[in-house]
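Below are two complexes that have subunit A in common, paired first with subunit B and then with subunit C.
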Partner chain A sequence: METIIIDGLSFGLPLFIMAIGGIYSERSGIINLAIEGLQGFGAFFGSLSIILVGHFFDIPLQKLFYLALLLSMFGGMLFSTLHGLLCIKFKANQVISGVVINILSMALTIFLTTQINSIVFGAMSDKFRIGTSNRFTIEFLAKIPIVGAAFKNIYPFQVVILIIAVFAAYVLNKTRFGLRLRACGDNPHSVDAAGVEVSRIQYLAVMISGALSGLGGISFAYSISTNFSPAIYMGYGYLAIAALIFGNWKVLPTFGACLLFGFARSGGYYIAQLLKMPSTFSDLIMILPYVLTLLLLIFFSKANHPPRALGEIYDKGKR
Partner chain B sequence: MKGKKRVISVLLIMTLVIGILLSGCGGEKAPDESKEGEGLNVAIVTSPSGVDDGSFNEDNYNGILAFVKNNPDTNVKTVKEPTGDPAAGVEAVADIVADYDVIITPGFQFAGISQIAVENPDKMFILIDDFPAEVDGVQEFDNIYAMTFAEEESGFLAGMAAALETKTNKVAVVNGIAFPSNVNYQWGFESGVNYVNQKYNKDVKYIELASYAGTDVTNANVGGNYAGDFADEATGKVIGNALIAEGCDIIFVAAGGTGNGVFTAAKEASRDVKVIGCDVDQFDDGANGDENIVLTSALKVMSINVERALNAIKDGTFQGANVLLRADTDSTGYVSTPGRHQLSDDTIAKLDEAFELLKAGEIVPAANFNGYTSDDFPGLK
Partner chain C sequence: MSEYIVEMKNITKRFPGVVANDDITIQIKKGEIYSILGENGAGKSTLMSMLFGMYEPDQGEIWIRGEKVNIKSPNQATKLNIGMVHQHFKLVRNYTVTENIILGIEPIKRYGGLFPYVNLNQAAKDIAKLSKRYGLEVDPNKKIEDINVSLQQRVEIIKMLYREAEILIFDEPTAVLTPQEVEFLLKIIEELRNGGKTIILITHKLEEVKKVADRCAILNKGRLVSVLDVKDTSTKTMANLMVGREVSFEVAKKPSTFGEVVLKVENLWIRNQDNFDIVKGVSFNIRKGEIFAIAGVSGNGQIEIADAIAGLRKISQGNIYLNGKNIKDLTIRDRIEMGISYIPEDRQDVGLILDFSLAENLSLKDYYKKPFNENGFLNRKVINDYGAQLIEKYDIRSGQGIKTQVRSMSGGNQQKAIIGREIELESSLMIFVQPTRGLDIGAIENIQKMILEERDKGKAILLISLELDEIMSISDTIGVIYNGEILKIQATQSLSINEVGEFMMGVKYDD
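Right, the complex of A and B next:
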């Protein structure tokens, strides 16, 4: 039971921060299917930076954990400007741009990883070993029955994610910038009429989305394989998009959706272990939570309202 | 440098165009393309984890690289077959067979290449880990050199090492898919544990999670802990954590990329958990701060044998055959290089003693299809 909560949170929270990034982008009117690629590129950038720093300054990788988080956000942000450029400046189709960025990111990072490994480190390898992250337990809270498991074996990135998430939700819903951002997604002309440049806000939104995706990506790299490798492209970015649609483009419901995915996944493993069926059947059990999600989606999606101007290319002259 | 970059980018575009995911090439490629036709054209087609998996595929690839070092005019192409499915693997080989002299296929799933070999008698094939599938009643082909390894011997040594070094008296083995090579590792490991229990009076148990029991190619339940995939790190970590929760302190990991997840679980474990690497020396993967979680690695020495086969092709002495490589050609074994393992001297002495018995054929650990079980095999009693 404890493992369901611990593993569910360590999976659900990175998903959540990626979904928040998606919310920012989509609420500003830019469809962002590129989350998958952005998280991969962010994780690549962060991993590469810390192993270079560790290599040349001889610092143990464990001490560079927060640097990795920070630089992954930077890397994701950097790569997301490409999506911004294509969608906002060149008015490209946003869906296509997103898909292209995913493919580009995958090919580019795999290529660069093998090349950098062989050129800089002289090793034939398609992964960067980034070291393990510490985990900690908040003793007095962990003693609470059942819920206490949420305070056991926490990865530091989970705390970082929660803090950023609260801040991001506040900015989105309570500040002037957030108001304008949401207006860009619903009625960009009104933003323009108020004398604010729509494209500037959209750029910022896409870049925030990239940064948060990068944070999610490096979190997965730490919690699953302690490597950056092509195995990071497991489709979690798409899952984040599903979560934010499930959550109706709102932060709190999206949080619920991400936790549902997280617990469904760890619960699936738990059920598979409980049923003691041979491994060939465990895949079948692992899809059950997602089948459940699909069914829920059917009932909930009637009430969903995507931002009104989502995916529309903003044209000043249009009435 | 710029020329090299251009070669790389041209390659990249070509690869994209034919729709094959690029796994990284160009770095080792001979820069002079005009000499094509002089050296051998070698292609290696691998499972989804690619030639840089730090494990099985990479060792084969290292054999090719060793050959390239002595024969710089060789052209090498790496192809990553993205599904791991036997039919798709054979298809991937068929797609490229016209362009290469030698095709190297590491993996059980490529057994079906024999049909292609029959249709292309002028091409050579090196098949690792399995014998070619029958075509018209024939099982040996003039242009296929198929090598299999007595994995159970390496697994046996890993099992002995685990049983001799464990403190909780609980050990386990994690595998990918129950292909014969994996089952051999698993049963060899269990044989090794039983051997230590018998000979050195210990009471070590190997833990098997019923929910990850493997189903082998004959659909028999072979037990063990199988992730059902060679590239699923997340599941590997779940299995690793479950085994650690059961009390295991040494885990033998023969699961390809999935094994990375088990390594992560061991690194994060609150108590001292060690892993035994597989196929190649995985010591570098075990670095965990100032410590290392890799106890030793069970070896399957493919690189030397791939290089030998390539040299034979070059010399014109190539002879198609189906061979089973054992300890007597040093094709199986474990890592005892100082600084690359954490075994005690006592354990090494006992392992070396057993290794001699393996060479002499006095110990024959259980394997998937050799008729022995881990409770009853020559040399146990």
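Right, the complex of A and C next:
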């Protein structure tokens, strides 16, 4: 039971922060299927940065944990400007732009990883080893039965994610920027008529989405594999999109959906162990969150209300 | 200081292929209601969009309060105290009234002096006060999607007032309102004027101009034809100047002779996609030679009735008989062949295929039959000859005849093409949904004449229109729909426009 909660949270929270990024983008009216690629690129950028810094300044990688988070966010943001440019400036189809960025990100980062490994480190590898992250336990809370497991073996990134998530929810729902952003997703013409630049808000939203995806990506790199490798493109970005759709583009319900996915995954592993399944079957268990997605799609699709102007190419002149 | 608050001097604006405004000069005094009158495409909205900063003029100058200005954005216009109610409201539908009004100029407060947030409570109070002062009652906490069009328009007006606008531009504000709502709006406009605001009213409706405007500028095809004092000018003169020729208001209508029942609708129920009953137990008959009009405010179920009869929409209960046969389970094509012609509301999406040629569009309902189709191959020659014949017969004007891409044709000619095609089906029932929407006076006259001709030929006609004037002038019988129910069916000549208006608002009489 404990491992289900612990692993569920360490998987669900990175998913959640990516989904929040998606909410920002989509509520500003820009479909963001690029989350998958953005999280990969963010993780790549963060990993590469710290191993270079560690290599040249001789700093142990463990000390560069927060730098890795920060630079992954920067990397994700950087790459997301491409999606922004394509969708906002060049008015490209947003679905296609997202898919293209995912493919591009995967190809580009794998290529660069192997090249940099062989040129800088003289090694044949498609991975960046970024070391493990410390985990900690809040002793007095961990003693609470069942729920206490949530405070055991916490990755520091989980705390960072929660703080950012609360702040992101506040910005989206309470501030001037949030009000304007959500208005863009419903009727950009109203925002324009109110004298606010629609494209500026959409750029910011997409970039925030990129940054948060990067944070999610590096968190997966730390928690699942202790390295950056092509294995990071497992479709978690798409899962985050599914979560935000089930969450009806709202932060709190999306949190619920992400936890559900997290627990489905960790619970699946637990069952596999319990049944003493051979390890090859664990791959089968990995599909559990996706099967769950399919089932939820059947039940929730009708009640969902996407932002009205989602995916609409905003053309100022058109009335 | 000049006596004029707004001066637009020698304004020219070109769009690819058209001169929307050609050397127009207008001068507007502070505190007057100044109307811009013209047909669709005359350049009214373009002219005012430049005043509001949505376009910039190619040539000419704009002076506000005696100073030359360069208005590059709506933001700048707002700073000059200019406000505009657009024809299509610029409202966020899932936001409250308050959120919509403050968007762009949100009042900010801070949590613990630190984290800023939008102070919705204060704003709601301010808005409640403002709306009371101008008699524009509206609940600031209601969402836009939950209030009706007329209230939404109020929100747009309050939005301008909240921004302290002094020059208020209304773009076709009455197009979406019922007669009673129109009267209320015109009263509000007059009160705003009396309160010292300057009003610019863009419209093509002469009665409104006559009722409230002090002066009016008439545009025709991008040119300024005349500026008139409204009280010294007759409606007739204004109409002639607007259209550029003599217009007759009276539709020549012969007395009607009804034959046997063609369409019989019995206890019709229709659900929309949210499983909500949108038409509730509607029954009516249409006879040969009768124009039966359904009057109602948009969205009360009238379009759904037309769609259900044509077969575009499923019904949940009831029966539809055409010439005595129940057609409720037939496919659309079966119904067409049984004798239904349909002129849809959305002529560009449903009525035509815009990227096809005119000839192809004219044979859309025959292409599968001989001689248009021989052994699975289209016979181009037949299609083209047939197209040419219809173009001639119905006076459909286009750039390149049968080859014209329909997209490039004017709305009036697109509509003529559809109506021509549907008349040629020789159906016993013709359904017209908003046949004159968005057309200019000349085209409207033309199309109303065509409808009456079909009636005189003995066809049964179902007319669905939001233009009450149109219904009053051409229909024989009126059914007024409100909230999915037909409240009243009565002969047109025994009803006044105000009575119909009241039924449209849901007022029931106990008779």
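In this section, the second predicted complex is superposed on the first by the 300 of 319 C-alpha atoms of A that agree within 3 Å, B and C clash if a C-alpha of one lies under 4 Å from a C-alpha of the other, contacts with A are read in each partner's own complex, and residues count from 1 in each chain.
Following the convention adopted for this analysis, a contact is a pair of C-beta atoms (placed from the backbone, for glycine too) under 8 Å apart; a residue touches a chain by one contact, two chains touch by 3 or more.
Small disclaimer: the values here were computed from a predicted structure and weren't measured.
**Student:** Should the pairing of subunit B and subunit C on subunit A count as a clash or a fit in the superposition?
**Tutor:** Fit - subunit B and subunit C, as placed by superposing on subunit A, sit side by side.
**Student:** For A:Ser301 in the superposed arrangement: first (subunit B), second (subunit C), both or neither?
**Tutor:** neither
**Student:** Roughly what angle, nearest 10 degrees, sits at the C-alpha centre of subunit A between those of subunit B and subunit C?
**Tutor:** For this superposition the angle at subunit A equals 140 degrees.
**Student:** Given the touch rule stated above, what does A:Asp283 touch, subunit B (first), subunit C (second), both, or neither?
**Tutor:** In the superposition, A:Asp283 touches subunit B alone.
**Student:** According to the stated criteria, A:Lys174 is in contact with first (subunit B), second (subunit C), both, or neither; which is it?
**Tutor:** A:Lys174 sits against subunit C, while subunit B stays out of touch.
**Student:** For the overlaid complexes, name the partner, subunit B or subunit C, with more touching residues on subunit A.
**Tutor:** So, of the two partners, B touches more residues of subunit A.
**Student:** Of the partners subunit B and subunit C, which touch A:Ile110 in the superposed model: first, second, both, neither?
**Tutor:** first
**Student:** Give one of first, second, both or neither to describe whether A:Asp192 is in contact with subunit B, with subunit C, with both, or with none.
**Tutor:** A:Asp192 sits against subunit C, while subunit B stays out of touch.
**Student:** Check the superposed model and tell me the shortest C-alpha distance between subunit B and subunit C, rounded to whole Å.
**Tutor:** 35
**Student:** Touching subunit B and also subunit C: which subunit A residues?
**Tutor:** Common to the two interfaces on subunit A: nothing.
**Student:** Show me the residue ranges of subunit A that touch subunit C in the complex, using the header's touch definition.
**Tutor:** 170, 174-176, 179-180, 182-183, 186-187, 189-196, 308, 319
**Student:** Considering the complex alone, what residue numbers of subunit C touch subunit A?
**Tutor:** 73-75, 78, 84, 86-88, 90-95, 99-100, 103-106, 108, 115-118
**Student:** State the interface residues of subunit B toward subunit A in the complex, per the touch definition above.
**Tutor:** Checking each residue of subunit B against subunit A gives 8, 12, 16, 21-24, 26-28, 50-54, 58, 61-62, 65, 178, 209-215, 221, 226-228, 231, 233-235, 237-238, 241-242, 245, 257, 260-261, 263-264, 267-268, 284-285, 287-290.
**Student:** Considering only the defined contacts, which subunit A positions touch subunit B in the complex?
**Tutor:** Per the stated touch rule, the residues are 3, 7, 60, 62, 106-107, 110-111, 113-115, 117-119, 124-127, 129, 131-132, 135, 153, 223-227, 229-231, 234, 269, 272-280, 282-283.
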